[in-house]
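One chain, subunit A, appears in both complexes that follow, with subunit B as partner in the first and subunit C in the second.
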Partner chain A sequence: MELLNALILMANFVLVPALAYGSQLALGALGVTLIYGILRFSNFAHGDTMAFGTMAVILFTWWFQSMGINLGPLPTALLALPFGIAICAGFVLATDKLVYKFYRQQRAAPVIYVIASVGVMFVLNGIVRFIIGPDDQAFADGERFIVRARSFKEWTGLEEGLTIKVSQGITVITAVLVVAALFWFLNRTRTGKSMRAFSDNEDLALLSGINPDKVVMVTWIIAAALATIAGTLYGLDKSFKPFTYFQLLLPIFAAAIVGGLGNPLGAIAGGYVIAFSEIMVTYAYKKFIGYMAPGDWSPDSLLQLLGTNYKFSVSFVILLLVLLLRPTGLFKGKSV
Partner chain B sequence: MKHILKTTAAALALTAGVASAEDVKLGVFLGFTGPLESLVANMAPGAETAITEVSESGKFMGGSTVTAVRADTTCIDSAAATAAAERLITSDKVSGIVGGDCSGVTTAALTNVALPNGMVMISPSATSPALSTVEDNGLFFRTAPSDARQGVVMSDIIMDRGFKEVALTYTNNDYGKGLADAFQAAFEAAGGKVTISTPHEDGKADYSAEVGALQSAGGEILVVAGYLDQGGKGIIQASLDTDAFDTFVLPDGMVGDALPEAIGDDLNGSFGQAPGSDSEGAGKLVELAGDAYNATSPFSAESYDAAALIMLAMQAANSTDPAAYKEKVMDVANAPGEKILPGELGKALDILAAGGEIDYVGASNVELIGAGESAGNYREIEIKDAALSTVGYR
Partner chain C sequence: MSFLIGEKMTGGYGGADILHDCTIAADQGEIAVIVGPNGAGKSTAMKAVFGMLNIHSGRVMLDGEDITALTPQARVAKGMAFVPQTSNVFPTMSVEENLEMGAFLRRDNIQETIDQVYELFPILGDKRRQNAGELSGGQRQQVAVGRALMTQPKVLMLDEPTAGVSPIVMDELFDRIIEVARTGISILMVEQNARQALDIADKGYVLVQGRNRYTDTGQALMNNPDVRKSFLGG
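Here is the complex of A and B:
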């Protein structure tokens, strides 16, 4: 019984939130890593691309809600997702045509792309705020919980409750489906293979007759889809506010670099490493040890490794360690 | 030539000191954007009600008019607040400032701008205990009480409801830290136990790490010394979702209609306090406000009083020079003299012009103590049926 309580406690406050947060980071990091691998630059506008895509999804969600269309227990936003992706992809392709294409033709150095993407980031920042405003927007509807702590306690008779929100369940399931689809696409389809070839060696790929424009276009569309999905899941689970999406850029890059930039598998692993370490290092283990220890003994101190105010530093310490010890990341990526 | 210069200088001194009918400007220096924007929506009109009332009475310093000039403190960005205060003084040429709102930006504007320029500031809502001892040359006052006092009141309310063990989280700034420390000291002195005191950052979307640590430390209830538009709301939502806590203590920054509206029925039973009193004055201000804004919102009454005090002190000193009227602020605020409520500013101006004395009571029972801060009256609130309700006064 004590052991079960301890496990449920960890599941409720560490496992479930970290799994959901990690999936959101992983989807974001996948987009960053794809662009880095194929277009060869760090896209600083990715956080705001997520905000833009999510904004489009929110607007469609509101429109559907006003017409009375919904998915019952599931959030309406899932229905709006394809439309949001289409708009975001269109926008990203337009930016590519207006901004990045020029530098590609010049064969500009990666750092120039990076600075251009910072410019795109600021413009996107402004556009999103113009359209939807800087405030919190609520767009989640349908059921809120799969399992609710209070009913879980009554049902099992345990002291600790377990909460799983619908948004958390959807996040993990969607992340698995999207990642599976992406890997199938990259490994099995002709376009996916040509993208990988383009990533490995651009000149050789061009010689073997791969159409670079198509590769670039497909990469942007996939990146936009990933950004919109990650942003919508994050917004459903937490809340949508343009500024928090801009801040998400840091943990997303940390995840991509820790996993190994340019390596899709690494991006996923990196997302979970960052999410779990942020939560596990700042968790206070007092109650957990209290359950595990024999008898009624319970520690006096909180048994917290780091105060929660340091949680953002955790991802950076990991980032530094990885860059020092394994510059190519946990999985073999490109060195930064 | 020298003679002419002297007379012009004397004449200038005269016009600056004893004013003939002129247009006096008052700065309304509040966080129109930022974490406190939903409260400021009712604070600024409060201050402007007093300004309009005095201006339209025609009795202010020989028929002078008063205009409000708004400036944004942003509540959190000290650099922006300093620049805005600088603009009020050097470019708008205000004679007094109602503000700032949040403790951090108020301290920054006071030490960097108001002090060097000799400008009087009366804040309606900066409550950090540190502001009681800050060097201010007698230029800084507040119609809000120090959080040292709020800490004691909050501790009493929690004790009276029979809770002995609480977890505590605060927004990581001057206001949150000051209130958290004051509360912890008062609560532990009264025999209670604070299991954990942990800060949270505003403007994040994910508070699961904070809530996990708070839950593990334990406690019957959670004290959230944050802002209702920001991290405070996030902490409460995450705590309810994971069933970490179901009752919350809400100090002044968390008291507002927006919170129960956002969270809903789950918040029922949570309680807290905000500056306020059941005085006649509070009711008078609600009448004055009509439907234009909500004068029972926290710090709305204090804003009215802050603006009124500046103008009454000017009248008492018969000067808009901060160096002269700063001496009169305590006089008009405290006894002896005729008691003045909202809506009676015209009468007060008459009494002062005739050389009489007033004891400004205003909308929030103003009684300035110590270094010029309110003694502190608090309204105890509880959330019932997903709405704020007042259960008593302390």
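Here is the complex of A and C:
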């Protein structure tokens, strides 16, 4: 019984939240890694692209809610998602045309792109705050829980309860579907293969007659879709606040680099590595040890390695370790 | 007039001219080889024929058509194929995907051409699912040549195809190149291994400092005492 309680405790506070958070990071990191692999720069505006896409989804969600359209137990935001993606993709393509295209024609060095993307980031930052404001926005509706702590306790007779939120379930399922669709696209379709070829060897891709403009356009659309989906899932799971999305940039980049920049599989693995590390390091193990230790003994301190306020340092440390020890990431990516 | 001819080409990468009045030509089903000392402009001459650098005088003709103004991509569509010396495959894509990418411009069924490539390079058929980056140097060169053949070109241009492969693999690659030429494709090739290359060449060009020094059949060049002494080591 004690052991079961301990396991449920871990599942409730570590496994389930980390799976959901990891999926969100993985989707974000996939966008970063695709842009790095194909457009060859680190897109610092990705966090704010997520915020922009999510904002569009929220506006559509409110509009649908005001008209009484909903998805029953599922959040209305899912219905608004395609519209948000379309707006975000349009915006990102416009940025490409206004900003990045110029540098592409100049064949600018990657660092110039990075600085340009920082500029785009600030502009996006302002636009999002201007339209929806800097505060928290609530847009989740529908059923809240798949499994409730109390009914779980009654059902199993355990002391510890397990909670699985609808947003967490949706996050994991959506992430699996999106990743499967993305890999199918990259590995099976003509356009997807041409994107991989372009990422592998740009000159040879051009020699083979692959149209670079199309590759760039499709890459931006996919990145915008991934950013909007990741942002919306994160917003449903936690809450939407523009500044939080800006901060997400760090764990997302850490995930992409840990996995190996330019490698989609690595981005997914990296997302979960970062999420699990962050949550496991900031979790207080007092109760867990209490269950595991013999008798009624329980430690006096919280047994928390790091306060949650410092959770971003986890990404930093992992990033440093990877860059020092294995610059190409866990899966062979490009070294930074 | 030859099927492919770069005539009196003068030009370079921007700064000083590298090529001076350089003429390179290849006929259908013929192997033309460019040899010469380091820095003679061998690769540059080939790149000029393919439109990868600007020539400010001279012209390039393909099948009687002036293609001097065309981009390399447009020349691919006209039936020219180019195998660069390095990074000539897509390393994280499988052998078969490399071939598919070679045929990207084609909209018809490419399976027959893929089978032909596998017939020419049987090892590629065995390794079709393996990533090109995981193959040995010689196998990678075969992928590179196979990829170039996927457009069903009339002219195949190879920039030092045997660079960095063992002598055995080199002989085999040359055999395959002869086979390709027998199907009626013109071959233009830059080679460091001058002796072996001239051995299989119908036509040889010895370049020195961006100028034609000797032009003759491969056999005649091999027998020319001056060429032997200066470029073939006696």
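Please note the rule applied: the second predicted complex is superposed on the first by the 332 of 336 C-alpha atoms of A that agree within 3 Å, B and C clash if a C-alpha of one lies under 4 Å from a C-alpha of the other, contacts with A are read in each partner's own complex, and residues count from 1 in each chain.
By definition in this document, contacts are C-beta pairs under 8 Å (C-beta built on N, C-alpha and C of every residue); 3 or more make two chains touch, one makes a residue touch a chain.
Remember, predicted model here, so these are calculated numbers, not experimental data.
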item: Touching partner for A:291 - first (subunit B), second (subunit C), both, neither; value: neither
item: Contacts of A:208 with subunit B and subunit C, given as first, second, both or neither; value: second
item: First, second, both or neither for A:308, with subunit B first and subunit C second; value: first
item: Touched partner set for A:196, first subunit B, second subunit C, both or neither; value: second
item: Residue contacts with subunit A in the superposition, subunit B compared against subunit C; value: B
item: Partner chain in contact with A:161 - subunit B first, subunit C second, else both or neither; value: first
item: Which superposed partner A:17 touches (first subunit B, second subunit C, both, neither); value: first
item: Residue ranges of subunit A in contact with subunit C within the complex; value: 190, 193-194, 196-197, 200-201, 203-210
item: Residues on subunit A engaged by subunit B in the complex (per definition of touch); value: 9, 12-14, 17-18, 21, 145, 148-150, 153, 161, 163, 165, 234, 238-239, 241, 243-244, 247, 278-279, 282-288, 302, 304, 307-309, 311
item: Parts of subunit C lying in touch with subunit A, wherever the complex brings them together; value: 72-73, 76-77, 82, 84, 87-93, 97, 100-102, 104-105, 147, 151
item: Subunit B residues within the subunit A interface of the complex; value: 172, 196, 198-201, 203-206, 208-213, 215-218, 234, 241-244
